[in-house]
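Here the chain labels run A, B and C in written order, and each chain numbers its own residues starting at 1.
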Amino acid sequence: MTNKLPTGIDHRKILEERISAEIGRRTLLKGIGAGLLAAGGAGMLPDLARAQQNGHIRIAAIKHIDTLDPHFTFFLSAVQVINNIHNGLLKVTYDGETVRFEPDLAKSWDLEDDRTHLFRLHEGVKFHDGTPCDAEAVKFSLMRVKSGTPASPHAWKLALLNEIEIVDPLTVRLHFAEPYAFLPVALTGSTGRAGTIVSPAAVEKYGMDYGRNPVGTGPFKFVSWRDNDSIELEANPDYFEAGMPKLQRASFVLIDEPSTAVAALVSGQIDGMTDCPMQLVAQVKNIPTVTLYGEIEGNYTYIGMNNRSAPFDDVNLRRAVAFAINRDTLLKQAYFGLAQQAYSPISPPMSGYYDPNIGNTNRGQRFDLAKAKEFRAKAANQGEIEVTYIMAERGPVGTRVAQTVAPMLSEIGIKVKLELLEPAAWVQRMKDGNFQMLDFDWVADLDPEETIFPEFKTGGSWNYWGWSNPEFDRLCTEAQTIIDVPTRAALYHKAEDILMDEAPIAMLAHMPVYKVFSKKVQGFNYIPCDLVDLHGVSLA
Amino acid sequence: MAAVGPTTANAAAPPANGKPIRAKSMLRRRPFFSLALVITLGFLLCAVFAPQLTPFDPTAQSIDAMMMPPGGAHILGTDSYGQDILSRIIYGARYALLIGIVSVALGAAGGLFLGVAAGLASGWAEWVLMRVIDSILALPSLILAVAFIAILGQGVDKVIIAVSLSLVGPFARTVRSDVLQVKVQLFVEAAGLMSIPRMTVIRRHILPNVLFPLFVQVTVRVSEAILVSSSLSFLGIGVTPPTPDWGLMIAEGRGFVSFAAWMSGMPGLALALLLIALSIIGDGVREEFDPKLRSDR
Amino acid sequence: MLAQSAGRIVQTIVVLLIVSGASFSLLKLAPGDPVMLMLGAEFSQESYDSLQHDLGLDRPVLVQYLTWLGNFVTGDWGTSYVSRTDIFTVVVKEALPVTLTLTACSIVLAVAVGVPLGVLSAVRKDSVWDTGVAVFALTGTAFPSFFLGIVLIWLLAVQLGAFPVMGFVAPWDDFRTGMYHMVLPALTLSTYFIGMIVRVTRASLVEVLDQPYIAAARARGEPGWRVVWVHGVRNIAMPVVTMIGLQLGGILQGAVLTETVFSLPGIGQMLTGAVLGREYTLVQAGVMLTATLFIVVNMIVDLSYPLLDPRLRPR
């Protein structure tokens, strides 16, 4: 199927880098193992495709969940649940070292040329409502994202998709307008969301209420959702991946107050938490009956400065801020010593783009008080500057970053006035550009495209800072259509260097994202993009 | 509140039931009252002389001294920023008393105005004022406070305004019922017949008879005001951190309860001590001076 | 009688109108945009516009209010912006029973503990008992309820394992488990009212015990317990009931925090979430319901006076 184009790019090689080609065999082996065990217990002929389902897992979900409609949700907390109900064309996997994109509902994924992708689907896969998951369903789902009404917020991820061709009932060919480097992320059923396949019959039936009645192909079926109470799932005995799921029921218990969730975990009332705020990590580590999962994920936190108006329209003052923040102190005090210093936005899980050695190069931002003072001396305003820093009880560490950074800036003659806002008002002020300083976080990214371009491109809808640099825009636009990783990485590094030098933001940290499970919970597969993957989980 | 207790004892002493009450004998009869008075005065002194009394700057952070248990240089330990808890509690007395007293004073003033107006009005004006008071009471006050904070912005002053607005309703209702009782009494009706100006009647006859019960209610409401402000901190919209406010300290420390209980426990104890002392003083003053309760002493 | 009832109904309607108008305008005055909050960090102008239009939030505020009011009185409470579920179902059928259960349990607990303590301290006025009860009652009122809740969770649920940490189990499905889950929340919420009930009981009983008919009963040689519990306590029912009615607003307010700490899916938690998320229609429904509850309970309190105090019965 794969052929070489005159461009000299070997698509097969690229694809092999992206996916582990042995996917089919690996899961099958796993499945056989599970099936044999089950057979041994039951003493009869093994049915390889069926797993024994028992156990009821209760997991606390602390963060707000908006909808279980994969094409309309805005929150990773929702994806954590959605991911167990639906499958995508592709999925994210992690072996403890490398994040990969593997076929999920697709049995195989081939690049015919640099803009044509061929997906062959698994046979006999059915949605929870009994309708078949075939090429039509794939086309329906992708079109729902790309041009459905109402418009999906993830439509941009498929903007370059020109045509969906149904080759036969189990084969689709996607034609893209340009080579699309972001495609693997976009087509996953998890953080990309755009590649999640939903039941056309259910969308027809429920319309906008699909988010409360999701019907996918995943290992768990949706049962019920009661506000402030719980979301209930039950095993899908007909799941297409052998040996899964192992649990009979799964509940996402909706708990607002994190310290209550930890208490419930200690007392055994729940079996895990979809998220463990950093301030509770020390406490959780002391509980002998639980396991904490967590690694630095694809995110970064930063201080955003309003570049449109004084005083931060002055590049030297912004640079002074970027160099004045003592990252060691910040990591210890605001992040309880759990996060990792960020020199630039591209984060550790972005294999091939992240430079693990960046701390020893001269790229990026870091603490250097002498340099900060030097830039401060070049700033237009030499008097004491008073700035307002808006903060809210939101994000991973609430107001801790603001409280820690404020005294540091007095070292360079910037007096920070902290203003606590109600979260809704805070979001409004950020969106309206009605602020001087704030701290923000950009989370669960897997590709440099989503991690720097929408946030900093000229006039971009998430560019709250009012920063603009044509060269940065050009570099990122060029990188969008380049598939070769080293070439693309070089472009992003150049773009990052411009961004870090002009400092519309001051980089702070890459954060670990934690999940906690009781030791009874076995087979949890940690994936560093904030997923709670229950496919292979069982209860001892 | 603390300052008010003893001064009222002197001011209100002579007339009432003719036989002078000596503050001294009252203190002897009520040992807990004296203790409460001492505690409240202690907090008042903390509030006034905070800069002189504190061993550390209440907002000085130190990464070498994060979450230190009580003992050593930090007698009551440190919080998750390495800030000294004792110093923060001493400074916190300022905010507790400020929020408690000012918001209750504002709430009482608003309630007094609305209550007297409703009590004296007649016809449709009375009807409308009554419905306004009913509506204020029927609105969930914490929700009201959250909305006000969102509109006004945050900070100690905004918290005070939000809390005081939530107190207007209950005050207005008490005042109105007292006005109604006074209004039908002979001397007021007589004054009306003698065509004495309305404002004079209010000033001479109504206010003095309404103010005392109002004052008695104040002591209970001060505690309530401080508790409401701490609830706002729990919801993440109270006093701005790192202000050394007890409610904020309790709210910030709640995530560490299982292994660093002092972070929320110490300010919690300070708050409880002050509120208990204020209530004892309030009860004592009421039982000594309230004509209704004094009958047989 | 008929005219009086009609007057009452008109009053209630006017109060509810003022309440709805006030809460709607307050929330609209507050900065914050439900569409933006729903969309999270990543969204485009197109998705913003279409969602805003779908929710009807692109129309003038007065039109929004009147539309809401029209729908509300005709029984259409609208759909939650976020969950897209029917608000009447969510608020009345799901959240209200939880809050009512919590409130009822707390009031029962507060009366069960507060009245006997109040009686004890009135009968043994100025004794060590009196002081002890006062200190106990005051301690309960002196801690913020969220703090008390968290401390109770760690002490009684985690350390001792005596009660569940969180969650709601409907008592009408499983009474024992339901009540078991209610113990800590009810205890947390009731402490404040135990203090108040002790005060009211004590103050009223002290007054009652001085009345001539008590002296008469004593003179007749009735035993002390009978004098207190039959003649005395019967006469303090009115102030205690009045206080519960007046404090209902406070109980609902306390329920906001208690429900959050113990993760109970009641009105308080729902209403806080709705205010913070600027879900206007959901807030309106919650506010109208609590306001109605407040008015109705106070009406019941008024109506119960003749039952509690024979002197007020119409002759």
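Details
As a working rule, a residue touches a chain if its C-beta (ideal position, glycine included) is under 8 Å from a C-beta of that chain, and two chains touch if they have at least 3 such contacts.
Remember, it's a predicted structure, so these values are computed and weren't measured experimentally.
Comparing per-chain C-alpha centres with the mean over every protein C-alpha atom, the closest match is chain C.
The greatest centre-to-centre gap from chain B, using C-alpha centroids, is found for A. For chain pairs A-C and A-B, the one joined by more C-beta pairs in contact is A-C. Taking each chain's centre as the mean of its C-alpha atoms, chain B lies 22 Å from chain C.
Chain A and chain C have centres, each the mean of its CA atoms, that are 41 Å apart. A straight line joining the Cα centres of chain A and chain B is 48 Å long. Residue positions 146, 150, 254, 257-258 of chain B each touch two or more of the other chains. In chain C, the residues touching two or more other chains are 30-32, 150, 154, 158, 260, 276.
Residue numbers of chain A whose C-beta contacts span two or more other chains: 259, 263, 266, 422-425.
Per the touch definition, chain C reaches chain A in the complex via residues 30-33, 36-47, 50-51, 54, 82-85, 90, 94-95, 150, 153-154, 157-158, 161, 164-168, 259-266, 269-270, 273, 276-278. Every residue of chain B that touches chain C in the complex is listed here, in rising order: 32, 130-132, 134-135, 137-144, 146-148, 150-151, 170, 223, 227, 230-231, 234-235, 247, 250-251, 254, 257-258, 264, 268, 271-273, 275-276, 279-280, 283, 293, 295-296. Residue ranges of chain C in contact with chain B, taken from their complex: 11, 14-16, 18-19, 22-23, 26-27, 29-32, 131, 134-135, 138-139, 141-147, 150-151, 154, 158, 199, 203, 206-207, 210, 246, 249, 252-253, 256-257, 260, 271-272, 275-276, 283, 286-287, 290-291, 294-295. Those residues of chain B that touch chain A in the complex are listed here as 59, 61, 63, 66, 80-82, 146, 149-150, 153-155, 236-242, 254-259.
Within the complex formed with chain C, the residues of chain A that make contact are 64, 66-67, 74-75, 150-153, 155-156, 208-209, 211-212, 225-229, 253-257, 259-261, 263-264, 266-267, 269, 422-425, 427-429, 431, 442, 454, 461-462.
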